[in-house]
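In the two complexes that follow, subunit A is the common piece, with subunit B as its partner first and subunit C second.
Moving on, here comes the complex of A and B:
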């Protein structure tokens, strides 16, 4: 397998080291090895914008192989957005190409004296001048580097104007449809004066048993493509979630004030989007699901607007949360974020927040410089330009909500914090009031923001009989999504699946995260065996996921987080107003009891700290030694 | 002819729909849904017959 390149941008030095077999077995790759490196190389309390903040790029253990949907890679560092754990994940083709170019992980430290990009080709790593990219937006940056290097098949991970200006929620993009968003990994690149990484390679990835892998892939392909989840996602992508959220009363309407957006109307429907605006689909490396839309507006004031997306994050948050069901507004906001390199969910979360402050007359035009009415196309697009350029009122948001809140309310800032729904410093990306396993997973999610990609026990809302969930996850789970009973175990089971998926580089959309008929630990173990020859049992694979999650928990504890931070936003204690789950909310006492159960199931103490026995069982008692 | 099992997004009761029928009424709560058929045994709810009417109904739902 490929080595790690340790790259010092300050000294422009490179050291290449193999990944020890023991570390491979404990953490596999991708997010797993990223977390091992981050935990052991990061000094606690470090400023995320410091040159010493390690920036990790890690391809999954199966990334770039014939395994299904093996496109993913992780970018990890201490987050400038939350001040805590930074970790982001992207598909596309960059991860596979990084492996073809000869590296599984990049460990980047220091700060270049002038802007550079890295050019990695067949094992060789070059530092190249990047100052001439200063005026380019993100898609232009990707194109310029490919053109400069003379090969349109080069894969590039780049930051845009937002990352270069250190907007704290800047992302990293690989194509116009593939972003490593959330936690500000683009900001960390900007702080290092590292504007892009270009990769190209022709080195094969060694496969332990090619014949076995072909059989495994055939089996998995048929398993995946026969599910209803696959068929719906292949057609509507993540926008399928919009129809579910609207019909089930789970919309984050008007900054989560309501669970239904009344102004959405007939237009705000995934089928309308597909018929009116979609002109094609994009898929990541080796993926049969192809969830990504390509959109084009062919008439009206915005004729010519074109780009990739939007995903549910755009529809749910630029749409429901900001108070509009207008697809053109959603698409333009989405495209602008991609041009600046701004994280979609955080950007939309901030717009919804200031719109609510305006609605409540807590800020006015003397502060905002313009009216901020719900769903106003002009206001939303202006705010995005301002955030990306660090100009005007929107520029106040570019350093994060905490500083903006202080600017708005001064010494009374704490009293107004509840108007921005956050967990561990990040705006939330799902309303979990009516789904208690998802709620405990969101409250404890290690990268904050109630992250739906850390643990989301989707089966909870599928009305599965308890015997069915027992067969899938090993324990029966009540089919009532609103019940707290026994909900810690399924949340933890899903944490492990997500962590293993990220360590292997396998997309969520082909796993049981999306639908119970898709791939689980058994199938992933088959693929690992065929690719690497590691004969890990499904139970051992689950333990790897548990190990990764515990190491992330140790990171948070070292940074001073604990039980007090395992919360849902204050607003989630208020009941939903509409629909079948009207009245659902997170009840404080029941939530605390569930949190106790969650800690016990994990083998953590009552403050949420992993016990000595748990760390020893997971083989973590040596490296993260500060607790022992 | 085939049929597909549908779970009403309003009352969450399950019922069967005849193959390729594009509009179906839930026999329990009488909500009308637009369906998307992927093959003769697989369909999913796309949307209510009218979002505006559906949302008016959601306001009246008692848990």
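Moving on, here comes the complex of A and C:
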């Protein structure tokens, strides 16, 4: 297995160390080992923009191998956006190529005196001057580096103008359609004067049993491509969610004020997008699901608009949340974010927030400099330009909502906080009022933002009989999404699956996160065994997931977070107005009871702190153990 | 003869074909040792599979100084490794860039003994194992149907 490279940008020094077997067994790789490193190397209370903030790139244990859809890697650090746990995951081809280039993990610290990019090829790591990339946007940066190094098969992870200007929600992108978006990992790169990392290699990843792997690949490939939902997933990708949200009343309409967008009309449908604007599909490494869209506008005022996406993040949040159903507006906003290197969910969340403040006349044109009517194309695109350039009113948002809120309301800022729906400092990415397992998962999600990628018990919406959920996750769960009963266990089960998926580098879209017929712990254990020879039982794999989640929890506790932060946004206590789940909301008392149950199930005390016994059971009682 | 037929517009660029090829033919996890290659136009997100088309008159064979590249009775272009001296003279004449120069040898697609693995794992059927005649026949039928529809309307 590949080593980890410790890269000091201040001194331009590189130290390569093997990853101890014990760490592999406890945390596997990817997000797991990233979290180990972060917990062990980050000083409590550190400023996220300080050179000391460790920036971690981690490829999963299966990343780059034939286990299906093994494209993913994690970037982790302390987040400048939330001030807490920073962790973001991306697909594409960077993770696999990093491993082919000879490294599984990168630990980057310090700050380069002038802008640099790293060039990692077949084990060799070079620091290269990057100032000449100053005028490029993000996709141009990716291309420029490939051209400069003279190899189109190079994979690049880069920041754009927003990351270089330290906008706190800057992303890192690896292709025109792959981003590690959330928690401002691009900002951390910017603060280190590290503008990109280019990787290329021809080093094979060792396979314990190729014969076994051939069989596993065949089985998993058929399992994935023969599920009922495969065709729809392959056709609509994440936009499938748009259709579901619109018909079921789970739209984040007008900054989550409503659960259905009254305007928007029939055009606001994934079918319309696919028919009118899609010119192709894009897949990540080794993935038959190919969910990523490619769009082009071929007529009208915006003729020539071309790019990858949009995903549901764009359609739901630039769409419903900002009050429009116009695909062209959504696509242009999406493309602009990608060009500046801005996280789409946060950007859209901020636009929706200031639009609501404008709607309520809490801010006016003397502050905003322009009208901010819901769904206004001009206003939305102007705000993105301003955020990316740190100019004008939009520039006020570039340092995060907390500072902007202070600017708007001064001493009274606290009273107005509830207009921006956030959890642990991050804008939320799903409305979980009507689905209580998802709600508890979102409220406790370790990276904040009510993250649907930390725990989202999707089966909750599928009307599965309790016997069926028992078969899948080991305990019967009521088919009523609105019920609080026994909802802590499925949320925790899903946390473990997500954590293991990220530690292995496997996409959510081929696991039971998306659909019960897809890969679960059993299948993942088969792939791990064929690739690495580690004979982990599915139960042991689940325990790894639990361990990673507990370590993340320890990180949050160390940074001063706790029960008070395991919340849903204030707004989620108000009932949904439309749809078949009309009236659903998060009832405060019932939520507290569920939170108690969630802590108990986890083996945490009533403040949400893991108990001594839990840490001992998971082998975490010695942390930080400083083994690497 | 049956060969790999490429439908570029369907390719999503996942490179599972490359991975599978290397696993099957080399028993290794290293797509750079694959016989099929996905080329990309990164700025547009577009991809194209490139693989040996088993030419009737193969330029690689012509370039080989020791006559190690021959067509078998079925039309398959094969490298005879007993004869091959590894000079790589065959690499640049290939118009598709699919004579692959690996660090230790030159390889090309030899259709996995009649059951090309890459085709089995192409979810969008961007690569197909078949007869060109059948493909053009389908095209003719499509064209004819279009013309008939026009006539009817």
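We adopt the following convention: the second predicted complex is superposed on the first by the 623 of 628 C-alpha atoms of A that agree within 3 Å, B and C clash if a C-alpha of one lies under 4 Å from a C-alpha of the other, contacts with A are read in each partner's own complex, and residues count from 1 in each chain.
To be clear about the criterion, contacts are C-beta pairs under 8 Å (C-beta built on N, C-alpha and C of every residue); 3 or more make two chains touch, one makes a residue touch a chain.
For clarity, every value in this text was computed on a predicted model and none was experimentally measured.
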item: Subunit B or subunit C, by number of subunit A residues touched; value: C
item: First (subunit B), second (subunit C), both or neither touched by A:146; value: second
item: First (subunit B), second (subunit C), both or neither touched by A:306; value: second
item: Which of subunit B and subunit C A:277 touches, first, second, both or neither; value: neither
item: Touching partner for A:207 - first (subunit B), second (subunit C), both, neither; value: second
item: First, second, both or neither for A:288, with subunit B first and subunit C second; value: second
item: First (subunit B), second (subunit C), both or neither touched by A:419; value: neither
item: Partner chain(s) touched by A:228 [first = subunit B, second = subunit C, both, neither]; value: first
item: Partner subunit A, residues of subunit B touching it in the complex; value: 7, 9-12, 14, 34, 36, 38-39, 42, 44-48, 50-52, 54-55, 58-59, 61-63
item: Residue ranges of subunit A touching subunit C (in the complex, touch as defined); value: 64-66, 68, 93, 100, 139, 142-143, 146, 152, 175-177, 201-207, 210, 213-214, 217, 221, 225, 234, 280-290, 292, 294, 306, 308, 531
item: Residue ranges of subunit A touching subunit B (in the complex, touch as defined); value: 228, 231-232, 235, 240, 243-244, 246-249, 260, 262, 264-266, 268-271, 463, 578-583
item: Subunit A partner contacts - residues on subunit C that touch it in the complex; value: 9, 12-16, 19-20, 23-24, 27-33, 39-40, 42-47, 103, 121, 123-124
